[in-house]
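Chain IDs A, B, C and D follow the sequence of writing; residue 1 opens each chain.
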Amino acid sequence: MPVEDSPESPFDAHIGTEWTEIGPETARGRIAVGDHHKQPAGLVHGGVLTSLAESVCSKATYEAVRDEGMVSMGQSNQATFLRPITEGHVNALARNRHRGRTTWVWDVELSDDEGRLCALVRMTIAVRPRRAR
Amino acid sequence: MPVEDSPESPFDAHIGTEWTEIGPETARGRIAVGDHHKQPAGLVHGGVLTSLAESVCSKATYEAVRDEGMVSMGQSNQATFLRPITEGHVNALARNRHRGRTTWVWDVELSDDEGRLCALVRMTIAVRPRRAR
Amino acid sequence: MPVEDSPESPFDAHIGTEWTEIGPETARGRIAVGDHHKQPAGLVHGGVLTSLAESVCSKATYEAVRDEGMVSMGQSNQATFLRPITEGHVNALARNRHRGRTTWVWDVELSDDEGRLCALVRMTIAVRPRRAR
Amino acid sequence: MPVEDSPESPFDAHIGTEWTEIGPETARGRIAVGDHHKQPAGLVHGGVLTSLAESVCSKATYEAVRDEGMVSMGQSNQATFLRPITEGHVNALARNRHRGRTTWVWDVELSDDEGRLCALVRMTIAVRPRRAR
């Protein structure tokens, strides 16, 4: 699915989100790690991971429902951190687990460039009619 | 507790985190909303809220345990979004709920400048001896 | 709010749930601990705590919305365990944090008879029109 | 891995947990649905699902670490409910996602006898030396 005609996301531009695959089953994105992504100990800040997970799931949901006159909005973001990332990319792979009338649920794996699992995020995206928002 | 001699956090500088109160019982911080914090629909991106919650809890935990030779690291960040924010500040108020040997647990309320509750975050911070990290 | 005319809950009868206060702002319930509530190490099983939290929030939400033709159903149950319980009661105090058109959110504290905080549960209850269920 | 010499779990006996596979990578269990598992609307109570998920992950973790002198204890149970169950079995399939020094993390799928996904649980089990408990 082409992603170039999606609305722009200023926060994603600010933190460097790249969407590399957007689809209703699977979606991927990544952020190239820079010093400005780090917390005091030199590790990538957990907020970079939760932000990336939400951006990937939100865009994938929105692209899938917008032609039906729906909008999407994050409802919950449940992150478990397993291993720090210090360099390379934060890579997100999101798999859709549920497409209901009012919510979509995604499981996201965040990994480093060695393919090591660094965090798990379960993301619930609310889907609503555009006018009722 | 003075916060000026804490290590710097580049990601917090990048997204504009201000810590306004740091203590072992209660901690507060905020981010002044700019266009660069927004997602495509013009709302503050959920990742700004999860990042702020984690920054406030991480710093408050670290300041409390570092003199005992401990370090802290985010273990889980569970966010529930209730209401969008579009302007003013994202304000975080974190209350400590548990100080265990290996984890601290915080409940964070995120609100807008009208005092309306916009998100809830339960944050678990792992605490470990500095050398064993 | 009287609770005697609520529909019966067989699972709650099976595990011993007592509702002691039901209201739209605050709700309470408890379970008197018996050997049949324990896991192999002699501690109350975590499932007793998650079950009690869900029962209290579900009933309080249902009692509040049923006169509007709505039904309620658990959507997410996020539990963090802090301290084991071995005797006395599991006591639940639920505070409402959000009443939206489609979800109610509750924060539940589970404590022992000494008043020590033993677990925290954030419960999201979906609210839907009765016929659309 | 044989499960017959594990310590007994009274709560699991009370709610009917059957463990059908226990291993460090994958574990399975189920509960045959009876009327005593239901909430007022006739659906299986969410607490049955969260209890089963915790029982499967706890036993699988304990069996794997006990020979190293460790014990295990639930630390968090994050459940998202997708679809009600009314009959047959509640079936749990747990996959290990992380084996750290202090925590194991599992992803659990709860499904009905038609194989439909009914809930997702992310379970964190704390692992501690037996004597330090």
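We take it that contacts are C-beta pairs under 8 Å (C-beta built on N, C-alpha and C of every residue); 3 or more make two chains touch, one makes a residue touch a chain.
Note that this is a predicted model, so its numbers are computed, not measured.
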Practice problem: Select, from B-D and A-D, the pair of chains that is joined by more C-beta pairs in contact. | Solution: A-D
Exercise. Over half of the contact pairs shared by residue number: find the pair among A-B, A-C or B-C that meets that against C-D.
Key: A-B
Quiz item: Of the other chains, whose C-alpha centre is the longest way from the centre of chain D?
Solution: B
Quiz prompt | Euclidean distance of C-alpha centroids - chain A vs chain D, Å | solution = 28
Quiz item: Distance from the CA centroid of chain A to that of chain B, rounded to the nearest Å?
Solution: 20
Quiz item: Distance-wise, how many Å sit between the C-alpha centres of chain B and chain D, to the nearest whole number?
Solution: 32
Exercise. Could you tell me which residues belong to chain B and also touch two or more other chains?
Key: 75-76, 78, 80, 124
Quiz item: Of all residues in chain C, which touch chain B in the complex?
Solution: 78, 80, 82, 97-98, 100, 105, 107, 117, 120, 122, 124
Quiz item: What part of chain D is in contact with chain B in the complex they form?
Solution: 75-76, 78, 102-103, 124, 126
Quiz item: Which of the residues in chain D come into contact with chain C in the complex?
Solution: 6-15, 35-41, 43-48, 50-52, 54-55, 58, 62, 71, 73-81, 84
